[in-house]
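Note that the chains are named A, B and C in the order they appear, and that numbering of residues resets to 1 at the start of each chain.
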Amino acid sequence: MKFAKKDILDVESLSVEEIQTILDTAETLKEISTRPIKKVPTLRGKTVIHFFYEPSTRTRTSFEVAAKRLSADTVSISASTSSIAKGETLVDTARNLEAMNPDAIVLRHPAAGAPHMLARLIQASVINAGDGMHAHPTQALLDMMTVREKKGRLAGLRIALIGDIAHSRVARSNIVGFIKMGAKVILAGPPTMIPMGIDALGGLVRYHVQEATRDADVVMVLRIQKERQEAFLFPSEREYAQCYGLTEEKLAGAKEDVLIMHPGPINRGIEIAPEVADGPYSVILEQVANGVAVRMALLYLLLGGR
Amino acid sequence: MKFAKKDILDVESLSVEEIQTILDTAETLKEISTRPIKKVPTLRGKTVIHFFYEPSTRTRTSFEVAAKRLSADTVSISASTSSIAKGETLVDTARNLEAMNPDAIVLRHPAAGAPHMLARLIQASVINAGDGMHAHPTQALLDMMTVREKKGRLAGLRIALIGDIAHSRVARSNIVGFIKMGAKVILAGPPTMIPMGIDALGGLVRYHVQEATRDADVVMVLRIQKERQEAFLFPSEREYAQCYGLTEEKLAGAKEDVLIMHPGPINRGIEIAPEVADGPYSVILEQVANGVAVRMALLYLLLGGR
Amino acid sequence: MKFAKKDILDVESLSVEEIQTILDTAETLKEISTRPIKKVPTLRGKTVIHFFYEPSTRTRTSFEVAAKRLSADTVSISASTSSIAKGETLVDTARNLEAMNPDAIVLRHPAAGAPHMLARLIQASVINAGDGMHAHPTQALLDMMTVREKKGRLAGLRIALIGDIAHSRVARSNIVGFIKMGAKVILAGPPTMIPMGIDALGGLVRYHVQEATRDADVVMVLRIQKERQEAFLFPSEREYAQCYGLTEEKLAGAKEDVLIMHPGPINRGIEIAPEVADGPYSVILEQVANGVAVRMALLYLLLGGR
């Protein structure tokens, strides 16, 4: 299949075939990172700008490693050292970067929709590395890759998502992605963190974790953000851990070969018990490894490597 | 012509022939950034250190992209993460960097003259990426390149500079550069922002924007810095926009094919009206593209690429 | 000799033979940095992550330059832009970085022992770039390289260390290293800055600088940290300079060809007089140059370049 997209903005805009192509490509490229010489010349002479308006270790590092293993040139800009401080609009910043002839801009931005606006304005490929509470498509793709790798398929699986659904771009992208690929998604979390109308995306809402994990093939735990407590969305970390923290006990009804996933960074002992995070069913580190592979695949497909 | 300079510190110290060589070289190298493989091996194995004591997106990114397209190795240091915090003098920092055998150091520094001092102390080439209110030679060179590209020449043109002449290193370098190349420079801005004695540089001072833009081939608008308002150099942004902001109306007397320029980042609706910034005569984004080309040319000429 | 270490964590864990191999390799590789093309393909396709929890210009730049001259791919992470801000433990951060298949992680961390913990957890090589007040082995190695280069040997030399021994990882690593290589180490500094029991490491403690520098082959001055004054460990900078600052006068009894060293950054006129720092016996900048060579050697030996 020929890949004809200019940008990767969200999972909604990817077809089933495109997702399959991305995952197939990522599986092929994954092997490069295990070679003694982890580098292919595919994207030599391409320029990738990583533009992060929010701090990030893992996503930025993952993208940079991916680009470098394909031999692209990379430049990193973080908001704190950029002229955003000088009051320039995103549109002007984007046009300016565009004028330097980059091949791709990887953007993380606190405003939902920022990468979409960028993509309309510039000719370079735009990859959304997380925009506000809206979307995080590369995370969803690496999650789908991890599940497909372990289970051999996505269709027909039962995926439980536990935690703060309302404020999570990871949740939103994963719900859309897994359902698109034929899986069933069950959500559970505090009522204050399950947005009204979320079932329109196709997920089933449960209010007890055990109901969501029952017969689950995959349990994906979301990160709890401490600032939500200050906003009274949950009473205390201890109480959150008790009601929604994933423990072996709350997993009792899941399939025997259930996969445990978390997008990281983990709050150990809050949303996930250490013995679950580090247990035999956890594929949390495989998610990270697949993150590099998926980002290599996207850069490869978008920038016309062959 | 053989290029014999070690450093690029200001426009004053460049001869007409040197400026022509730089612009010719930049025009030749510009094409590289439009290739599918935007990279030549010219500066392979050269080390360029980008040392920025002030935040900057566009200038640092432009330099990094330029260096990488010539295959140089780059290292970036920003003041916030450096041992300047530990109280080391610039002289000691410079000598230390020198001991690592870099081929060039690109320096942005809040103190006028810092790159000149550096250049005297070290053997590596020094490129001034902006020092205090003193000079920004690479900006002036990319501006001259843009005008020459569009008009076919510099000599005899009428260049209007509008805004805060007093606090602008961009203004200072451009006045010197354009006059050196045979253009006529007319300045306009609030009286508090036109320094006493500026006519010694050869520019003509006018106090109304329309007087400056009359018959202009080029109108270059300077960025207004909001901290100047706090210093009572202008009463309010609204009043500044009304008196000095470049609008189509204030441009009425300019040549028909006038070029509109701005060094960026733009304060839309303050020093420049959006319809002018985005209008048919604007070459603001060409300036950015030429910035990469000029910086490639400088690195190429200084580091002995052939 | 075959180099079989996975990590470089401290000088204690290096044998005399290993130190000799590192210094020999560094001497060989040093020449690369003086070539017109300062780059060899030895570590092409290797990924080195520089992870700095504390600000640093010289050490990070030195490591980056070293890695790039060996053609490794590098990614830099500083604490301020990382998810440490999000409360992730070092263990989880390390496992996540590991999952991206780096070949080496260079870590600077405020907590003593952090690199050791990392090294146990991950397969990649770990190089300690300074941990708390514990160790700074690459600094000690470059210091040993510099002395050996100038004196032809280490055994039998008399090395004076002046200043804040108690809070200096540089001091600790150098005491261990020089004594291991057969030199004699004499310490001097304010009594509040000489830790109880330091003589267990094998150094001789003197309380007057002149006693320590008498017959010294090498005088190494440590940086005074201004926050120590606030903790009342010394009364004032002026008084410190008077009692412990290295002047020509306090050097009068040293060997005629004494070497003056300082790990930088220097507080001129406090712990060292400018005429000593810049004088004919100073090898402070050679230390910096050798820093690149030693770090190249370590990356080369650990990552199996051949």
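One rule holds in what follows: a residue touches a chain if its C-beta (ideal position, glycine included) is under 8 Å from a C-beta of that chain, and two chains touch if they have at least 3 such contacts.
Please read these numbers as outputs of a predicted model, since none were measured by experiment.
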{"item": "Homomeric contact chain B-chain C: same or different residue positions, threshold half", "value": "different"}
{"item": "Chain A on chain B, rotation in degrees - Cα superposition, rounded to nearest 5", "value": "120"}
{"item": "For chain B paired with chain C, centre-to-centre distance based on mean C-alpha positions, whole Å", "value": "40"}
{"item": "Contacts with two or more other chains, residues of chain B listed in rising order", "value": "80"}
{"item": "Sites on chain A touched by chain B in the complex", "value": "44-47, 49, 73, 75, 77, 80-89, 92-93, 95-103, 304"}
{"item": "Partner chain C, residues of chain A touching it in the complex", "value": "33-39, 52, 55-58, 60-62, 64-65, 68-69, 78, 80, 226, 264-268, 285-289, 291-292"}
